[in-house]
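Below, chain A partners chain B and then partners chain C, in two separate complexes.
For the complex of A and B:
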């Protein structure tokens, strides 16, 4: 390049001028502001209006936040402190309600001396989900994930340890039955045995045996009924259980809906359409009221458990449709290549089809999760004390009568943190799974 | 079409063909609804044969070879592959599929897996080969198709020709007895066709039983020991390549050859 220049251009610079910083108007924030906020007249107008609005909103909100009262026993006390500190009638938030009712907002009426149990359950929950969420962690942690539901249940509700252990034993029985029966009776018979035997075990054997064992070796925690559960803990338990259960169920429903087997196909379609076509609140009322008519009298079928089942079924129907979209988006060639290699149906689904279909469906799946999580607030209508229910109770008390915003801001913030984390995680996952497509 | 790609390559010696039957198709018929796609197909393929199937678009070539590994179901007649008759028995189907490799027009690699994982997946999960061994095998075949250095990339990062060679390696990793190719070069840019055909020629020279649907007549002349012409769901004519190209018997074959070689 320089050679040719030397011959064709009359002047060639011999010494280079050192590069100069660009003029102030061409760098950093100035450039950005000019290009993004004031590039045209319309843009200038919109920018000015938006800035004006933000300033106006902050002018009203900031004092309310900044001049807040955090230590008071009641709203009246709050007002007195405010009048003393910031002057009569000043805008001031009374977050004292949150500090004072903190435990109640988080745990409902769970006995305070047992608060360590939900806290421990939550910490262990974080350990249990981490290998599912992040690939880099040791795979052996997944074994802990598998037994966590039982640990979590036992910590939260307490009771004898034999119950959860015997329920786990049911899975072992199913697995053993399958291994024993498969070589002799074939896959189908073995699968049926592997489902029926554990069911029989759970329904008929676990109760009495757990009772006997508890007599012999009374190991356990104090039993705490669902009625004492409340606050954000309640929403979190229902939400997490619903998410964890509705995901696999949704996958099965989506696969069932694709199936060529008439009965499976039609029952999945029927299930999805019926569940999805009725408002969740109706299902929740069904869970709280109607089930009593159908269940044999005297059965004590925990209300929270019923709610979890309903929320799960409801979310699974949505999930199934989201995943079906992902399945439909895969080219036929992927199914054919998997078939041509001799992979059977379940292996093809697990190794080839679902990883791709689920990846495509991540935004929709997380959308459903977020929806489910927020829908847990609906349980207030059937008398469970979720955060909304508790806030109603708190506002009905003499101390805090008349307080609104502070509670709702706090509850909203808790939900927002959870939902926003899910959203960020889904974006992280999408980026991580990107393989520079087809 | 692109004969030039191969005509320069040296003629390979015709390999002897055993008299052991690899595939036997007897009076096989298939319908799509009321549409009769395949009519009374009779075909015996001996081990080590290289058969090229050609014919106009829509004549049923793909359907025929897809019936052989049961990607499509036939309704009448018999297909016996490697001594096992194809029926609705799933065990038989999976067994036959693991003996028969298939290469598709659009590669159909698994985009979420690396090249190496694409190749080891079926050996590990179907053949139960230990991972180490499967990986060593896969590297061997990737070297054979001349792309070992791409082993840890994803399919989306490879060119079409490279992807198709990976697809061939992936099929070979199952150590199939028979390989089916459905227009393996039709989706490729001209400059990539040769690299794929070269791989297939090498495979043929090693004695693999191959059924190849293709319009690469240079390839047919060079490696096929039999060329089959199909039209409207029937096998119209089959012959040794020399005879087939120089002395086509039916008018339909003549017309087809004049169209395909004409320009």
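For the complex of A and C:
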């Protein structure tokens, strides 16, 4: 074909013209800039102003970051090194304070020879949460998740291993009591026994027995008091404990608020409205100051434990309202369908209602978690040395008095990493659970 | 342990009685002293890089621990804020408070505490940039003043300006670090707080010489350790430990020579202080070498002052009122006899 043409029609091309690149203004970055930044006069103006602002801000911040000093023993030394390197009075961050106080900002006053314990607890924590977060992992890992609170407690606070073991035994006792009593006494009596027996065990038996066992077989770690906890570890423990405990509590409160049983309904409403209606800082002051007057002197009711309880209750009240929103958003038909299937209340909730309600509530739930995590910094006002509290203490040393932004930048970065991970995870979960109903 | 909790009294304020009869016995059976300190105040209390608390107030805690338990390290430091300090003491969470606390009538009587002496005589002052050309606090009329809220300094400031018929504009701030930033950024003309705090703050500036601390001291701030009402024996131990440190400086007993002097000297006063003569220790139910331990913990008053606040430190405070009485100061330990 082409041969005949080539001989008869001289001007016919014998090969395809390769596709040309689009004009410069219609491709790549130029097109993007033109369409997104300079598409109209107003946008041109706004873009120029924004870019000018960004450049101005970077021009002030970047030298401060880039000309930073990382190795010095005090602010004065920092300034000397800066003068030598970058000239007198140059903008320069003194991150040497982070280098020197790195361990303190992370672990507080935890004894350095035991740093492996919080580190191990943190690694195990990641293992323990992963089956909860990712469905792909083997379900058997959940057993580890269930016992992790005891492992974590034992690693962090130390003491004899028998205490946590006997507390676990309390759950076994409760389960055994329920199993034994249910056929003979009925569900209600069995449930009451399953609650009362372990409580009696925990309150009256665990202490003495653990003491005796510790005498016979002293297995344990060095005890480390809550007073030595500080820094980011403290914020993390309070935050994680608060998140882990407030979620189930919040679900129960939300269900209670929807309940038709008068006492349960009203007590849940009262709890939520009272706890949520008062600022967290007031609850923290209550925990640290007011409780001291009510408790008999000499009672050693750990301040950190009190704070965890208060933070948990506070977050649970918020959580309950978020989940109630999810429950309310479910169509009435879902409840009726569950009833029509003949499911009892708990099965209906567990299998039909809550999975859907929680899915709807994910953004709100994670929002509450992130808020709770950041609110842990409020403990600085009751004298706990969380990262912010430690930054004040570090500034009080004669070496680092006068340092300001560097510490806040570092603490902010730590919190941002945690909160951003939570936010990313929630988006991943939303995408995964997306079923196209919305 | 005797338990008494007065719920009704709480309405009246921080009145509480958690009077445990013998703090000394509690401390000795516990093996550690629970001492309330500031969460961080330059020169007075701060944790170092190893997590050890140090500072002038901290040293008082260590001296008491050494006197009572023989070990200056046997202290559990409880960081307290301005809001939590009195409750922590009243509720029995701490055995003593050494937290830069001004001895006032109402704190001593209304809050039911017992101040056991004065370890630092402070007073409120003003710092201004040299460029303002101000030389006296009397020239400060109309100035903007950075002031920490909720402290006695706020009240003193109001009193002073009213008494001198001047007006000012307060710039409320929360912490000392924030005050430094605000002052350096020019948000206020004047920064006012205790003079020790001003000196510590000025020492952190790039050019300390550009700022002056005005000569006027507008308040008396006697700072000292305190204990709960209701246990005079424990109060006496804290009081006389502090006195021992002051007396040791007066008699020239230092941490370096205390062991040697404790073998016995020609000076009966030193001998009684260090327990080689008399039975002073037994009178406060302690070992006879209690004062030796207290002095060895960190040194006598003068040594502590030089280490944490004195002219060799960045804070660089002169002794001033805190000199011994022979040198024109106010330190005057009663006789050990």
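One rule holds for everything that comes next: the second predicted complex is superposed on the first by the 413 of 438 C-alpha atoms of A that agree within 3 Å, B and C clash if a C-alpha of one lies under 4 Å from a C-alpha of the other, contacts with A are read in each partner's own complex, and residues count from 1 in each chain.
Keep in mind that, in the parts below, a residue touches a chain if its C-beta (ideal position, glycine included) is under 8 Å from a C-beta of that chain, and two chains touch if they have at least 3 such contacts.
Predicted model, so just to flag it, every value in this text is computed and none were measured.
Contacts of A:347 after superposition: chain B is touched, whereas chain C is not reached.
When both complexes are overlaid on chain A, the residue A:381 reaches chain C alone and has no touch with chain B. In the superposed model, A:130 makes contact with neither chain B nor chain C.
In the superposed pair of complexes, A:367 makes contact with neither chain B nor chain C. Set side by side, chain B and chain C differ in how many residues of chain A they touch, and the one touching more is C.
Legend: residue contacts after superposition of the two complexes on their common chain; A:67 is shown touching neither chain B nor chain C.
Within the superposed three-chain model, A:398 lies in touch with chain C and out of touch with chain B [touch as defined at top].
Partner chain A is touched in their complex by these residues of chain C: 1, 3, 5, 7, 10, 16, 18-20, 26, 38-51, 55, 76-81, 83-84, 87-88, 90-93, 175-177, 180-181, 200-201, 203-206, 313-315. Contact residues on chain A toward chain C in their complex (touch as defined above): 75-76, 79, 89, 100-101, 104, 108-109, 112, 225, 227, 285, 288-289, 292-298, 380-385, 389-390, 392-398, 401-402, 404. Of all residues in chain B, only 69-71, 90, 94-95, 97-98, 100-102, 104, 106-112, 121-122, 125-126, 154-157, 170-171, 174 touch chain A in the complex they form. Against chain B, the residues of chain A that register as touching in their complex are 331, 333-334, 336-337, 339-344, 347, 351-352, 355-356, 359, 433, 435-438.
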